[in-house]
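Each structure below appears as structure tokens.
Shared chain: chain A. Partners: chain B in the first complex, chain C in the second.
The block that comes next holds the complex of A and B.
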């Protein structure tokens, strides 16, 4: 700005001096610095360092780490049975998280989108479990599954299905599924909210026009509502997948990975290996695997979030 | 929300409205069964529970469950959660909104790249950070302190906070900011006199979402708090459940105490949950 140097324009110079001080290149950095510094130290640096640690054999305390290259990953994939159980459980969990909360959430959103007496109360009811901590959700559902006193078995016995009653959380073959049900109860609220918001953006005229053309409700859902919710669905699926891979608290509260490690997820098995068995190398390697899986779903999501900028 | 009930795709005639309510109420009761079970258990004595199970009306309401649970340790857990949440949320919001402001309105060349860098934090599984954080916190003598835990919470809160605040700052008209610039208003003043007041609903939303998330956080608390008297509620409750595994009445009362503040916040600030999540996907 050459005009700033002309002394003739005294008042203006003063003002632009201030402006130029303000638009100093470092000013945005100043606004960003506190967040960036603490975020980089607490989240980013540990992430990178974890990836580095996964290349070593280390117990977490001794001063020497032994560099082993990719051996930890080799051990996990070829010698660690629980790792495969955890991987399989994560896959089951992921599929359930992509199907159940999303479809239930969409169904509820469509039902509750209309403004009618009490619609807000019903929305709150179905959203409510989402504000509870997963530890609390886990504890509450543990009572429901209690073999003798739990509601589930009581109901089964009362309706003559005694044969189905079992010790839900101690049966190695099925223990994961009751936990997934509990997690679903907690997870439905978010897709419902996002779908409710998405439904607001669909112009009423579309439905009106379709009705005039004689489209029935199902046709209108298939050809109008669902296609118009495409963006919302992408966001919902991405968030559900990312959250599914983060699942941890609820396992810890309900089964602690048992019985016989049959309900371990990568997240809980990482904790066990690292903090109970002092296998820091293996633990961090699991963390890296988990993070890589997350990236599959996260990269499209981040692309989407940073669009139009 | 402009849709009337009769235009709901599932309902074409008003005659079905009655059925619609019946279905919804049944679904509601079904959905709330776990909560009803919790409340019923918290109100009865252990003997009643052992005989009749969780899902039956208490023979006699036993309020003492709450006072006993409170004195057996929940009191400590509760206040620890209050302290951590009370420091984390306001500090976090100040930092996050400053950052979000720089990313939206300051014509910052690196804005997109920095935003992407910050978003990575949303997807990182906690497990990916635990070991190095343990080493770091150990070196700084911050293991087993509420201060250390609060610092971690602030760091992990940055991505979501920036995401939400950025979503809202983007709706502040550029014209207002530009007008203030031309009048010689400094960026700091624009931030706290214009952008922040205009985004007050966002600040409230974020406070609530963040408050709930902090109140409920488990894994970091589990790793970085070691002594019982420092535990926060979720951690304390799980501990409580393994220690007093047969005293369901007290455990239920403890869980209920931990849930009450969340329920109150939820009832009074409900619409902000919606607004906040809206901001997160804008």
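The block that comes next holds the complex of A and C.
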């Protein structure tokens, strides 16, 4: 009797289990659906639409768009001088963003990782610029760099270094670098914080053992600290690179891309072409170029983070 | 976008227009704008620093069933918001805008409501707004908004500093150059300028073009009928270069924020500045300074008719707004441009009103002086960044700033602008 029942019920149970397994397979997608819908609307669709617009000549307002194929890309690469200036500036900005905030942040983190009275206050002080918006940072540093009334030139004159005083943001040969310094002041807090967190994970025993073996502080940094911070460094570099390619506000606030477009970045030039100069096709073509450049850093970063998770 | 003809810039002055216009009482009697029934809320996009709240409060008090939802923007945000909204097909019921090439895309793209003669009569526009302001607002003879303010821009000098060095206000171009020379020799910066956005430098460049090319040719340059490579324009650009070389502007002015230029006058480091009447409220009175110490003079171009740079500011209306919202928005613009209402708000405007018979209060000497010019024989020419199609404004700015930096000669700068003009004309045949 019992075996007869089992023989009858078994296929049904299997079928039911398979059905519930099938329905469970879609359950994660169901939970993800709201996020995916929002992500598609606010990220994917605008990106695809921007790429589509880059194939047209359009002022952004008139009801008619003229299809020009890849002409906008041709114009950018062959006729638009400012595009190349912006690309070069982006490269400089990227190198500076990878070197300056990262190394200064690491140095500060090592100093502040030591236990001393008031270390928490110093951590807050050094992190403080990071909580300011880049527009505010831009405003502060614009006044510091003011040729006549600015703190920097006044200090240089007061200490007898008048020859070093200059028009920091007006000289097309150097104007980008004062902006990079201001951006570094703002950016250094994040790597400092990440490195501080990374330093806390290094077992103290390693340093103790190295000390016993006679390693000096530089050797301990080179052979223990820095290798142990490899993952943190990768994350910091990726974030700094992506942020560098996204840089916009501080240029807008400090130089507006000038003088004579000499401090334009791809992001600012994209904005000006699209919103100020009615050249939406060219502006969105820059957006596509910028997006492609960002992917170079974003894909390894995302793969690394996903693998880690 | 097609080339806009700007021949209307040489239209009659505001006073002439005011003199010809219908008396205030008649205007009020004839204008009977329709009032929407029931509760209606409509959206207004306006510049945060402008006195919209005072006008909104007054309007809502008069029409309790109508509510204004004001979204505040900075200048550049405003341009961006309207552009994005027009591309998305969902605009504000009414929005603040400038004129010229900044408004033209919305006019020609079918986004801004055309003020037909019928609408103008219905909302009292033809009676309440001075015709010269309407002429500045017109695009190819049609009106797509209601002008609210007129903003002339010219040279201001600091009286106490001029008195200190024994100078008087220059009346000719030569006198202006002599004044600059004297100021420079006394260690004072002749002209404060904040060229970061290029438009403040452009005011001086435009003035030089007006001086060397004259009003007729200046207008032809704007309508792309004259060449930027012509000797007159090259002379104007050469003069700009000469002033830069002679250090008549402050150090590093090319990247200085315009907001950082006036402090040079306030600290007695500079003596003159190319500005508009808004500095009276926003900067001078706000700093508890005497506005009589900052005197606007008619920029001496030595040309006839006498013109200074200037523009109007208007409210535009979404052509596809819901009927009640559109009516309410039009009523709002009509309300704030009725003379008795405009008189109540003029003290907060910081600019001469575009409304018939409305003069600034006596405690606003700068705005009063400029309003009086406009009531006389002084006319306005649009600044280049409103007169040229926006696609060409960048070419102009880049050439001008490169000239200042010394990376282009005047001839090369002018040729670069003309090249951009030729390309634009070829694309928009």
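Details
Simple rule for what comes next: the second predicted complex is superposed on the first by the 272 of 309 C-alpha atoms of A that agree within 3 Å, B and C clash if a C-alpha of one lies under 4 Å from a C-alpha of the other, contacts with A are read in each partner's own complex, and residues count from 1 in each chain.
Just so it is clear, contacts are C-beta pairs under 8 Å (C-beta built on N, C-alpha and C of every residue); 3 or more make two chains touch, one makes a residue touch a chain.
Because the structure is a prediction, the values reported are computed rather than measured.
In the three-chain model built by superposing on chain A, chain B clashes with chain C. Looking at the shared chain after the overlay, A:196 reaches chain B, while chain C stays out of its contact range.
When both complexes are overlaid on chain A, the residue A:149 reaches chain B and chain C alike.
After overlaying the two complexes on the shared chain, residue contacts for A:272 are found with chain C alone; chain B is out of touch.
By the document's definition of touching, of the two partners only chain C reaches A:169; chain B does not.
Set against each other, chain B and chain C touch different numbers of residues in chain A, with B touching more. In the overlay built on the shared chain, the residue A:32 is in contact with chain B alone; chain C does not reach it.
In the superposed pair of complexes, A:255 makes contact with chain C only, with no contact to chain B. After overlaying the two complexes on the shared chain, residue contacts for A:60 are found with chain B and with chain C alike. Put simply, of the chain B stretches 63-71, 81-89, 135-143 or 189-197, the part that bumps into chain C is 135-143.
Chain A uses residues 60, 142-143, 146, 148-149, 275, 280 to touch chain B in one structure and chain C in the other.
Within the complex formed with chain A, the chain B residues making contact are 1-5, 7-12, 17, 21, 24, 28, 31-35, 37-38, 41, 49-50, 53-55, 95-96, 98-99, 101-103, 106-108, 110-112, 114-134, 136, 151-152, 154-156, 158-159, 162-163, 181, 184, 186-187, 191, 212, 215-219, 222-223, 233-235, 237-238, 241, 248, 251-252, 255, 258-259, 262-263, 265-267, 270, 273-274, 277-278, 281.
Against chain C, the residues of chain A that register as touching in their complex are 57, 59-63, 82, 142-143, 146-149, 167-172, 175, 255-256, 258-262, 272, 275-280.
Residues of chain A touching chain B in their complex: 15, 18-19, 22-23, 27-29, 31-32, 34-36, 38-39, 41-47, 49-50, 53, 60, 110-111, 113-116, 118, 120, 122, 124-129, 131-144, 146, 148-151, 154, 185, 190, 193-194, 196-197, 200, 204, 207, 217-218, 220-221, 225, 232, 235, 242, 245-246, 248-249, 252-253, 266-267, 270-271, 274-275, 280, 283-284, 286-288, 290-291, 294-295, 298, 301-302, 305-306, 309. Across the complex, chain C meets chain A through its residues 1, 76, 79-80, 83, 86-87, 105-106, 108-111, 195-198, 250-257, 260, 263-264, 267, 269, 389-391, 393-394, 398, 401-402, 404-405, 407, 427.
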